[in-house]
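Two complexes come next, and they have one chain in common, chain A, joined by chain B in the first and chain C in the second.
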Partner chain A sequence: MAKGSSSNNAAAVFGTAVALRLALFQFPALASLLGERVEISTPVTSFKRLSEGVFLFTNGVPPYDGGVVHQAPLLLGLFYPIISSPLLVNLLYILTDLAIGYMLLRITVIKDMDYAKEKKITQYGGKEEEPGMGGLSVATLYLFNPYTLASCIGRSTILYSNTAVVAAIWMGMKGNRSLAMFSVAVATYLSLYPSMLIIPVILMLTRKINDNDLTKKVTIQCTGLFAGSLVALFALSFVLVNSWDFFGSVYGTILTVSDLTPNLGLCWYFFIEMFDQFRPFFLVVFQIHVFIFAVPVSIKLRKYPLFVSFLLCAIMGTFKGYPSIGDASLYLGLLPLSSEIFKYMRYSFLVTNLFMYSTLLAPIFWYLWVYVGSGNANFFYAIGLVYGIGEIILMIDSTFAILRRDFEAHSPPETTGQDAALGWDREVVQK
Partner chain B sequence: MPTLSYIMVAVSFFWLLALPHQDYSKRTYVSENALLPGSANVQFNWDDNLAAEAYRDTVQRIAFLPSIERAQALEQQFAALGLKSATQNYTLNTSTESLHGVNTYAVFYAPRSDGTEALVLSASWRSRDKTTNTNAIAMLLALGKTFKRGSHFSKDIIFVVSDGEAEGLQAWLKAYHGNEEHTYERHEEPLRVRSGAIQAALNLDFAGTGDYNALGIFFEGVNGQLPNLDMINTINLISMGIAPVELTLHDELIPYTDNMTKNYLNSLRKMLYQMKYQAVGTPTGNHGLYLKYKIDAITLYGIDRPGWPSQRFNLFRVGALLESAVRSLNNLLEHLHQSFFFYLLSDVRRYTSIGLYMPPVIILGVSFIFQALSLWGLSSDLPLELESIAEGDKTIPVALPYSRRSRNFKVASSTMGMAVVTGAATFFLLTTEFGLVGETPMLKLVASVGVCSMLVLSAVSTAHVRVRIIKSVSTAQKSRATHDDTKGSSSINHSDKTQNVADQELTPAADWIMLKTLILALSALIVTTMSALNFSLAVSIGVLIVLPYMAFRPSRWTVVSIIEALILLAISPPGLMMVASWWYAKDPSEVLSWVLREYEILGTWLLPTACFVYWPLNLAAVIMVLLPVS
Partner chain C sequence: MPTDRDSMAANDNTRRMVILSVWAVVLLGLPLWWKTTRVYRAELPYDSIDQWNQWKACQPKFPIRVNLHLSETEQQQSGRNPELSDVTQGVTRRFQELNTANGVKESLLAIEFIAGKPWTGSINKDITEHTSTVPGTYDFYISPSNVTHASIRSQRQGFIQVQSWNTDHIIDTIVETSSAVFGSEERTIRQLLDTNEDTQGVRKVHDQLKTVKYAPGYQLTFSLFSGDASNGVREWKMQEVIHAYLAPFIKTMSTVSKFTIESQIQHYASLAFTPQMDYSSQEHYLTPDALPNFINAAEWSLASTVSSLPSLNFLTYVPKPSESPLVIKTGPGASKSSTNSFLIPRWGGVAILNRDIDRTKRSEEHPEVITVQDLEPVMRVFLTQLRDLMGVTDLSTTTQSSSSFPIVFHKSLNEAPTTWELDNLLRRRSAENLVDSLATISSLARLVRKTPNMVVLDHIQKDVTEALRDIGRSCEHLSRQEYVEALAASRDGLVKSETAFFDPTMVSMLYFPDEHKYAIYMPLFVPISVPLLMSLLREVKRLKEKKKQAQMDKDSQGHDDHDIQHDKQE
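Now for the complex of A and B:
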């Protein structure tokens, strides 16, 4: 009975998600409006550029020669047969989005099984910690997140990279080494930055192994698998477009931030303003800054690989060269996987507000800058900074929360006696 | 925190009132050095004045011909000057009326330019006084004659005489920028004569054939957009030097006084005049349409006030002033950008810039947020007295961290969602034509109000019924517990009971608290974000809603709740419409048709803002005060 109703619920959630997306796709004006918003499609994820690439490819022109297309060749190959039919394209986007929702649901189920085996944390008042959100709630939060919807209707190709990331996490949790590594390789192949997710995914794959040597062996095997898949993908791409030009056009553009179209990120304005002789130095600093967190975060939080993958995705979504709200939809979708930390978070009101303000103000300031002409680029960049602050506070707050929960697990609270009176974190409320 | 937010509201209100004060605002100055206002010698001479007077007679003669004929007559006049001229037909069908008209326009190609930049001088047939704009059109012709002689122009000059009110110039501007439409609702003929990108425009409004006492400047554009302040500064400098006339803002002449209070009140009145037009989004003249296309423009209006003690001036001086202004704008090397785009004027020579007027509205927004934060805290941080600890000789109840009660957002968010959907429904109801018999805007509004009241009724009654059910269930549980107790309870029963008590303490905060938090947070969001887009609208909304939304909460006495709901209804869009119709002594249906017309013709944001933003918040607030207390 209970199972029946839950599957009914799942059908309702996924059905509504499909219906909503189909309904929104019925307004082509909306799709093209969203597709042209700089907050949604960046030079490396724009559907318009992808269509251009497919068109060039179809007509036998090398797609990566013109400096317009920055998407991976296999993505061109994926869209090549279906691009002439908007319905098929839209369906592909909808189904991919649903697949992410489904995978998030499965990940939660696996996580809950892990969790059931753990020792429960005793909380104040001697109560046991309640389990986190159910899988369906996690999927719902992803599927009905306005960012996800906007990104899907705007047909940003970040969706495919996000799918690969979530698939990697799912396979990692499931313990399927080859598929997990293949998914990380696909994500890396599509947008480069997810390569650092190899660390948390290996942590997931080895989380049940206690033997040190075996862990080492698995790690080496996984790295090999990752490298192998990546090489295979590159080789396949070469076969498809018959040149290595795509390296410069896809990964060169990502790494050198050569297309300075404004976006919500922190790079474009900085590199527009900069004198050319300083550019390489700061480029290296900015890019290292994205990757530098991977190792320390994974060491400190090695017990929580799911959270590490959330944190790394948030770092990517904040500091990469071409962030969009599609990145936000990914890490906001991964955050509820660690829902047990929510009650330790202190700034949820602030973060929600920062996200809402930047979401509303970004188009307004863009309008003032580009259409009315009474504002300027500083307006829009300022909102990018506000958005960045929101993301950074979210990362800091959630990291605090998981460490705090860790602390609670190690040292169960004293609620009686002298220790309680001296408790450093007790809020004393006078009536 | 709640007290603090009321203090902040008071600070914000006083600050807003201080904005027009003489010591708060600054004197205007020309910021763009290329303009050099009034430094060129004026060529408009006595012959030109005579020509202008002759044109005045011509214009008077053709003014009452049908649109097409007078447009063609004017086209010939421009052609006779040696300017390339043409006419443009347009049709505009709104949901209530059908407008046709013919614009005339002529281009003076500057001898020294490559035709990539242009300035516009425009006048519409109808003045804002509802009479014929005779002098302005005569002036355009006379200036055409004068400019034809000159060889110092580096920008083409386009003369536009538009038909109708705003729609004529709008049709011309759309066609000029290649956006002409050919649908049933809007038809604009493509333009046959063109020039370059328009850098700036002056719109003339000199009604009648007589002399004037003063020159008024109108500058508020569609949706509160403003031209660069240097446009006004330029006219200001010229009117003090080369063509001395009395200059004022709008059409109000204010006698000089050195009484501080009177001065302040006059400034306040000027500023409120500007804010009123900005808030409703209606331009005060045809100049407002240029602003949509990133063209800075103002309207110059001749004020004829017999008995006003200032030197009267005739076309000769107007001609000198306009020529000097055009020569000054002709000097521009790039688009006007130096001076302010965001300002409030309390006098034609005093301005308050964005840095000075933004703080009060931000404070207003912050006061909303503080109130919301305190409710947010209230909804979870109530001490769950699970422990009392001894400190010294007394015991203190301790709130245990991380054992907070959960927040229930379901009712609040679904109510808000429904309110937004209802608001959207009213918008579509008001703007779609259903083709029913006897369909009027007023009837549609009544239908929308019906939809809204249905939402309020259903939400409130559901909430009340739900609370009843929960209450009856919990009392049943309690009676059972006490029953068990009297039976001589075992220890298991006892622990059950404490568990029950804890559960009760952990029940989420009342729905109205969550809903109010949401309303306040969204109000802050709306007020602050909109202040960047349209300061006056944001301030009006903020001032109107801040006290009711902050202070009102459901009361144990039904009467109080109902009074609160009535006040909220008074500030709902239909309520405000009633107030406006009473204030302007108009029929409510006229006010409604006006709002719809402005939306359909000019695309003002008043109606969408009211339906998608303001009304939903208001509906949610009405539902909030009618929700059960606990």
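Now for the complex of A and C:
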């Protein structure tokens, strides 16, 4: 494979991605339609609210007073100079999306290098396992994922949080501690939940260190870097908006789920229906539930930090208060990084169908509920549940697959003898 | 196989760590559970509520001062003059005796008789310089005459004429007059403040049936409902009538409550039913049973959107020609109601105005206008109804029977309450407010005590405490004869106690038994806790087995070791 052809391919993929996005941005009606869909922009990622915040900020009104803006102050600062030009805003979105694609490509390259050093898994029939997807394929899967496109055209600000997450993983794989921790801090700063990614990123940074003491030292150093970056970001925000109001407005809204605009998630309906008496309790339960998985998953799968970060992103995207398809685009983009587990997955067809089903029916049921009035909130929520089930099955299935692969690596299948017949039914998996 | 064992140990370790990390979060969540589902209960002042319920904290007293004035001219004429101090002491003593006879330890209306200045005026001339402007302070002017006679004037003055000018007779007459004036009020207030729970409810319902709940302001709505356009009604002179007849009432009442007035005309406002026909008298009539259906609540718009004050409605209904004339009577041939009107308790009044269309057409310039003359009888009825609704007691009707000599009560213009009636109203309304707010607070306290999972927020506690303070303030004002201030304070107390009672945060948890909690927790926590507990149990089991294994390994190693182990165990 010549280097030239691969770079040509890359140019073609990225060029097409840019062209497609530019073309779609040519229809402002589409952008505003997508921007208003509850599946794409939530109260904490809506571009409309961001513009409002920037407008208030420009006019010297404290942007977090009115309870409309829930985006981080530095995001307002980022958009402040360019908001008046739609072209620049669109370009920023396109370039950010491309950057994620590029970083995914780079991550795959690093991962492949790691993979080349590992002992090869012997598969049924004595074959060696083939390497997973190439970097360009991973980037293509991300860039041309309909969720990614819709989220980008809808100008959801989750894109920036996603960028920070992917950058953190890239830097973690590269071994750049300070930049990795800074990226995790930025992601945390933008949408809080990615703070739990600090564990897999530290696992990445320490994956080549065998010395226990050194690992501990690096971990402490990284935690310090993370905390320092976060404090610096907060301080910078304070300098920008000159008040600490943004804490309540940005993180308070995320944690207390105070804006109950319907979305694809599971929280809004619960908190609408709930007795007020129990609201604080279930709020705590729901939020703990998001974070409870971080430690056990990282312990169990500590050899696969890339997969851990995928799983945690999927958990966030499923259980957080304001999920959108932008979250799905992130974890669906991270999943191909562990493409070697695909062959062990059993429910890919079901999951694909569940995603398609909910994607098609969510707008319809929303229309039936909100515009026609022949449906009710339960219709839309049911679709949210289907979507959630799809995500959960995907998580369970992929976790099963990676554990299965781990098992294969430790106990290579015997081509002959009793184990092959009595043990796991490998033929089914291997096809 | 050392590597295998290592990897198994590593696996065990990992599993244990995973279980531990999940359990750590769960255990961390437990205090949060306790904290977030804790039923917040601010402590209510139960002790002082109980004290108030028995009137132990402050017994309301309604002091009344009566200044006695003896005629000076008569003193000089006859030889043996009754001493004013004797009269005063005598009256006071007689009142105490009366109370003791009635089994009352202490009179609620603490009437105090004070020797006033002698007077030289004439009975026919109002003594304006001695007019009392303080509610609760009155002047009795006593003079000799041919017949015993008492006349209660409007300006807190009473004129008593006695037949024989001696101390005993004067005392008798004063006592009789005083009990005629204040006796029924004393009884009413005593019933109100009665803390005996058996009798309380019944009497209250009876007494307060008609009267509207006290409010510092009311909205009066005068509505003209015209059954049909063909009865020729276009306009009514309500504004003039209000100015002429209602103004004095409102002015006098303004110390107790303020009024805002609006009027409306609705055409084609027909009845929801057809009145019966009495062919003998050619009249359409409504029986008293039909009256509850008179208000066509579905079609007549009576709700006022202008203010949030409690509203009282006064309807004038002009029947359509097909049901005219319309009267109220019990049946055909029975005598019809003289006022052709009725009162709806706590809501307002209704008057039916029959117009003789032919006559009005002949005699008047504008037959489509209901004139002031037409409206006068209606307005008189409304004024009487308004007095009833406001709880103004007509002293002349309540005290007529008992006295041995005639007592005349002077009325003021256009049914406006007299000063006597107004003072009476001030005292009774204060007492009512005190009783009502205490009843509200004590039922709130009962409710909170009986419902242990009811949330009691701080502002409820604050409201209750402040209401109690207002009640106390009102009680003090009463004992100092500051009736206007007492009424204001009692009203504040009532408002606060009701705010606390009807607070939405309390209502939501009224019917929330413990069983509901299981229904809330089960669907979430049973699915979560089963794998958590199972994994924990399995892990414990595995640890035990491992220990056993280790024990057995040791056992097989040597007999000596086993003995040592055995000793240790013993």
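Note that in this section the second predicted complex is superposed on the first by the 423 of 431 C-alpha atoms of A that agree within 3 Å, B and C clash if a C-alpha of one lies under 4 Å from a C-alpha of the other, contacts with A are read in each partner's own complex, and residues count from 1 in each chain.
Quick note on the criterion: contacts are C-beta pairs under 8 Å (C-beta built on N, C-alpha and C of every residue); 3 or more make two chains touch, one makes a residue touch a chain.
As the structure is a prediction and not an experimental result, all values here were calculated from the model.
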item	value
Fit or clash between chain C and chain B when superposed on chain A	fit
Chain B versus chain C as contact partner of A:353, first or second or both or neither	first
Chain A as apex of chain B and chain C, Cα-centre angle in degrees (nearest 10)	70
Which of chain B and chain C A:285 touches, first, second, both or neither	second
Touching partner for A:374 - first (chain B), second (chain C), both, neither	first
Of chain C and chain B, partner touching more chain A residues	B
Touched partner set for A:213, first chain B, second chain C, both or neither	neither
Which superposed partner A:276 touches (first chain B, second chain C, both, neither)	second
Touching partner for A:118 - first (chain B), second (chain C), both, neither	neither
Minimal inter-chain CA distance - chain C and chain B, angstrom	5
Chain B residues touching chain A - in the complex, by the definition given at the top	225-226, 291, 294, 335, 337, 341-342, 369, 373, 376, 383, 386-387, 389-391, 396-404, 521, 525, 528-529, 532-533
Partner chain B, residues of chain A touching it in the complex	123-125, 127, 343-344, 349, 353, 356-357, 360-361, 364-365, 367-368, 371-375, 379, 408, 415-416, 420-421, 425-431
Contact footprint of chain A on chain C as seen in their complex	7, 14, 17-18, 21-22, 25-26, 28-29, 32-33, 36-37, 39, 455, 508-509, 512, 520, 524
Contact set on chain A toward chain C in their complex	275-278, 280-281, 283-285, 288, 291-292, 295-296, 299-300, 410
